[in-house]
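Multiple structures follow.
What follows is chain A paired twice: with chain B in the first complex and chain C in the second.
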Partner chain A sequence: MKYLRKYPFLGPLVAVVVVYVIFAILAPGSFTRAENLTTMAGQTVVVGIAASGMTLVILLGGIDLSVGSNVALSTVVCALCLKEGAPAILAAAAAMASGLAAGLLNGALVTTLRITPFIVTLGTMRALRGLAKGLADEQKIDAPSSGIEALVAPLPPGYGWALFPPGVWIMLATSALVAAMLVYTKGGRHIMAIGSNEATARLCGVRVERVKWLVYGLAGLFAGLAGVMEFSTLTVGDPTDSMGLELEVIAAVVIGGGSLAGGEGSVAGALFGALLMTVIRTGSTYLGIENWVQDIVTGGIVVTAVALDRARRASETRR
Partner chain B sequence: MSGLVARGVAKAYGATIALAGVDFEVHAGEVHALLGENGAGKSTLVKILAGAVRPDGGSLTLDGAPYTPKDPAAARAAGVRLVSQERALCPHMTVEENVLLGGEPTRLGVLRREEARAIAARALLAIDPKGAKKHRLRPDALVRDLGPGERQLVEIARAITEPRCRLLLLDEPTSSLGADDVEALFSVVARLREAGLAIVYISHHLDEIRRIADRFTVIRDGRTAGTGRVAEATPADIVTMMAGRSIEDLYPRSPRVPGDVILAARDLAGAPLPVRASFELRRGEVLGIAGLVGSGRTELLRAIFGLDRVRRGEVRVGAYVGPASPAARLAQGVGLLSEDRGGEGLALGLTIADNLTLSRLFGLGPLGFVAPSRMRAAATRFIEKLGIVCAGPDAPVGSLSGGNQQKVALARLLYHDVDVLLLDEPTRGVDVGARAAIYALIDKLAWEANKAVLVVSSSAEELVGIADRIAVMHKGELGPARPVGELDVRAVMLEQAGAS
Partner chain C sequence: MFGRTLRFALVLVATLLLLSCNRKEGGAKKIAVIPKGTTHEFWKAVHAGAVKASREIGVEVVWKGPLAEDDLKGQIDVVQSFVAQGVSGIVLAPLNDKALEKPVEGAAKANIPVVIFDSDLAGNAHKSFVATDNLAAGRLAGEKLAALLGQKGKIAVLRYQEGSASTQKREEGFLEAVRKMPDIKVVSDNQYGGATTESAFEKSESLLAAQNAGSGGVDGVFCPNESTTFGMLLALRKAGLAGKIKFVGFDASEKLVGALRDGHVDALIVQDPFKIGYEAVRTMAEVLAGKPVQPRIDTGAVVVDKANLDKPETKAIVAPDLAPWLGK
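Here is the complex of A and B:
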């Protein structure tokens, strides 16, 4: 109990392990093979990266519903750049820049118009989707092979020493960076403080508006990066891709101990939350469980995770 | 001269004049009490000093230099720190993080952990030289695990982390503290005064002012009504200055005659408080429950009202015995006034009319529909009856002063026409004028309307003033109720501290 409190990500970690063991027992032998682990890690990359940004937003007491649209926009931008002959690194940078711009727009609307983030991002969710469709002329955009595909593809023979595809390492690196920022920087402290008690933060001289801007901008940047990873899987720019992704990302953060009231959340927890959903999906596929059952199970897990967290907290205060 | 001098400070919000020209001086090394009824302009003055509000006119000087902070950060940089009435802490963060908030030492944006730890430790040591270890105020403790007294100390520690801190503003620092915590706070304040800080101390409690303050200034209707040395003024002088009139008798007492028992508890136990409580309450009677914060007084009322689980024992309302929910209690004619006015007692964003009629919305229109005009009419009636100062029945409750908010909360019980009123700290955060009005109302309810009133209060003086009988709660056990004739303030205080 004491450890759970200090390291809130232990809960979702235990859940991942338990679920994995259950599937390992039930599913045929191929589920536990190393390749499957690598594949599952690869499938977690998009949600995992976006969840880093979402964790910051939720810690702040906000929400970002535009993540899915932002990811789709990012795949379109990436594909368009490649089609125009841009090198891979430039296309990826452009995709991330489009994500950052969208995030900064969210931040600007939240801070200057003082509209609740739910409404702002509900609006930009629609608008960014429209922008993506417009840029892509309502079609999928084929792009020449550029090397970006290799980010989340299984490692080619001879590269086994890397353990995971590069995308997974990028996800781990961004998560580590964000987690370190939360603990070791002034900005991180200020994010926590605003989410915990915004009035207090303002009273203590925290530049609340600036921090919010920065956080929504970062969330957009991470969505852009997630979009590059999504493009790596799709190998095309697809304006209708990632519908509802934002809910999956929010679910990952919440399973990881995030509270929509702000002030609580963990980057590592969100990562395990994302992984948990992948394990359930993959395991269910191995067992031949139909898709609709998976949806029900995943939905149930979100609610159970939060209910367990509440119960734990209630037992703590009773002491 | 070192210290802060304000001359002719004025501030208007639209047509409302909050400050009409206040003169005020606080010297280094003194505790200066700032007094005044709610709405007199104290809060506005404090906000101006803290840089949260900019004055329309007048001048401020700090240590001889002009002082015109443009925001709280600028005030802080000038060495002025506010410990506000709202507990301004981040509950999810640690003591150390809260103490340093907004002033974290960094290099290129990265925290300097060693230095941060040292600054926080120094501040915690300054408020508690006996060593932070003994008092549980560990730097890595989460603030949400702390009690109200400890939280208060964390806020003060935060205020004095700034080495340049010269002026400390304490806004009603004891309003949610128990007696022990008040003592700890006083010793901290005294220590800071010796260290040469100028301290502005706002409180409604004259006994506190007499103990801790050197001088006082009274503000009334946005102007300075008087100033002087605390030792040379009697409480009556100060109250007269605050009210603009002399309050002859704060506690009216009609010749009340107790009638039938209407509420009785027998061996009542909650989870975990109260441990055991038995009493009888009669119509036409005011029964006081004394006790320290945390002794289980509030829990007793909540258990009676059906808000908290009853573990053992029984509550009888009239002839009814058995389990009850708040809705059932209201139907039986029992109403509760919460101690947490802003959090639980009232919906601050809603209007007076909405709040007043919330517990009884039937009878406000045909077929169970609710006619806004009738809600407003009911609200207007009670606004006049209780003398609630407001813009009208459509004014949001959050826009009223504390005393007027409390009157709205009381008006709801009267509108519901309950027979038994359970009042938890009915005068918390309420100024002297409104307090007198509430005491008069309680007396009138018990005498003229033959209601039964149960009052929980931290102020022994208040209970001795208004109650017919007083029972003392100590560590969850409710003592026998005794007539006030056999008790005095000292006896009640001794008993609630467990010393008798």
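Here is the complex of A and C:
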């Protein structure tokens, strides 16, 4: 009980384990294969990385609906650079830079125009999607093989000691960095303070605008990195990719204990939230569950997870 | 607290148990069939064909497309999941000829054979490609329109879109067939209708006007897919030329079949999605049985006109009865 209060990510972790065990029982043998574990980890990378950024935004009491478009833009930028002959590392850097720029734009609009983040990012969601389509000339862009594909591909023989493809380790590293930043740095505590009570934080001398700008920028940067991982899977730049990804990312954060009112959320929890959705998706594929059923189940689980969390909090405050 | 977690877990278990009630047990070979989407009419017919083949052969077919229609990443994820699961074989209609190449290579490495259907894939990791031969279907259209015109007259083609491989093949086949006839003149073959019915309608109007279709500048028209055919139909009706200019279209929607009955469209070239699904699964079964298979299997196209529209064999293609296979 008290562990759960101290480590809010235990709830979603339990949920992941429970759902995994259920599918392991329903699809005996094949679901528990090691290949399946690494495949599922690889398929969580994009949402997982974007979710660390989204956790920061949601902690702040904000929201970022432009993540999906930002990821698509990043795949297009990556593919265009590779097509022009740029080395892989440069293409990835350019893709991340485009994500950062988009994030900083979100931050600038939120802080200077004083429009709610929901509206601002609803606008940039469309605008970035348009930019991606324009850059790509409304087509998918083929890119030469560059090595970026190896980021989330199954490990080549002889590299089994790495356990997971590099993308998974990058996801874990970014999550660890963000979590450490929240706990150990002043900036991290400022984010928490603004999310809990913006007016009080301002009175205490927190430079609210600067922190917000930084957080939206970081969220954009992570979306750019997620886009590089997405490109690694797609191997083409796709301007229509990741429609609705933002909702999956927000769901991951919320399942992981994030509150859209701000001030609450956990990076580790968001990671387990993302993993939970991958496990459900993969399990549904294994059992051949029809798509419409899968949609309903995923939606139901998001609401159930949050309802349980709220009930837990309510019972705690009563005590 | 653990009471709550437990309750949550129990709800989940109950839901999933309910969902899995109709799961089939047994040692039958499991073939994953992955379409481009699951909601379009075309894919329902493909699904039905796949189920028919699976019942005849005695294999289990798992039908699973991307959650969102035409979602490339979603389709790649589904392929990877089936590879990790270790199914006996994968039958796939790739959304992109390049992006699906790696996942299919991954399947081949894991010794899972892959049969591609509907749209082609780059590379050579797959065993066979089952689809309509669009070049032949285009030739069929050209021969039909030429016959309707008595082998002479002025013909216009409204193309679909640059970069769409299947329709370009149809256009190519059509032009190849009509250019063999000395008395047929192609007056326009460089206009593109674009992605939507709306854009196709506008292009059709300007094409008809530019060629003076109202005063005998065009005798016959061909369109290579559903949206261009429908757009052209609307333009012909608006100009009062429907039924006067010979018109061969592609694909059969309800509205196009209605126009065929009204005599506004003279013939439609129709693919056979049921047969595509059926042949794809059968080919996979042959691969699994260790038999050699053709690298390219044509599932054919047929000409539908007013004369054969109500014949049972045409009906089986244009509006197949899916209920026995899909149970709805």
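General remarks:
Just so it is clear, the second predicted complex is superposed on the first by the 318 of 319 C-alpha atoms of A that agree within 3 Å, B and C clash if a C-alpha of one lies under 4 Å from a C-alpha of the other, contacts with A are read in each partner's own complex, and residues count from 1 in each chain.
Everything below uses one rule, namely that a contact is a pair of C-beta atoms (placed from the backbone, for glycine too) under 8 Å apart; a residue touches a chain by one contact, two chains touch by 3 or more.
In this text the structure is predicted, and so the values were computed from the model without any measurement.
Look at chain A after the overlay: chain B and chain C fit there side by side.
Of the two partner chains placed around the shared chain by superposition, chain B is the only one that A:263 touches, whereas chain C remains out of contact.
Of the two partner chains placed around the shared chain by superposition, chain C is the only one that A:153 touches, whereas chain B remains out of contact.
Of the two partner chains, chain B is the only one touched by A:203; chain C is not.
With both complexes superposed, C is the one of chain B and chain C in contact with more chain A residues. With the two structures brought together on chain A, the opening angle seen from the C-alpha centre of chain A toward chain B and chain C is 130°, to the nearest 10. Of the two partner chains placed around the shared chain by superposition, chain B is the only one that A:193 touches, whereas chain C remains out of contact. Legend: residue contacts after superposition of the two complexes on their common chain; A:184 is shown touching chain B, with no touch to chain C. Of the two partner chains placed by the overlay, only chain C lies in contact with A:142; chain B stays clear of it.
After the two structures are overlaid on chain A, the closest C-alpha atoms of chain B and chain C sit 19 Å apart. Remark: chain B residues 52, 71-73, 76, 82, 84, 86, 88-93, 97, 100-104, 106, 109-111, 113, 158 touch chain A in the complex. Contacts from chain C toward chain A in the complex involve residues 1, 4-5, 8-9, 11-13, 15-17, 19-20, 23, 38, 62-65, 67-68, 70-73, 76-78, 80-86, 96, 98-99, 101-102, 106, 110, 163.
Taken in their complex, chain A has these residues touching chain C: 1, 4, 11, 14-15, 18-19, 22-23, 26-27, 30-31, 33, 35-36, 38-40, 42-43, 46, 139-140, 142, 149, 153-154, 230, 233-236, 238, 240-244, 281-283, 285-291, 293-295, 297, 300-301, 304-305, 308, 311-312.
Partner chain B is touched in their complex by these residues of chain A: 184-187, 189-190, 192-193, 195-197, 199-206, 263-264.
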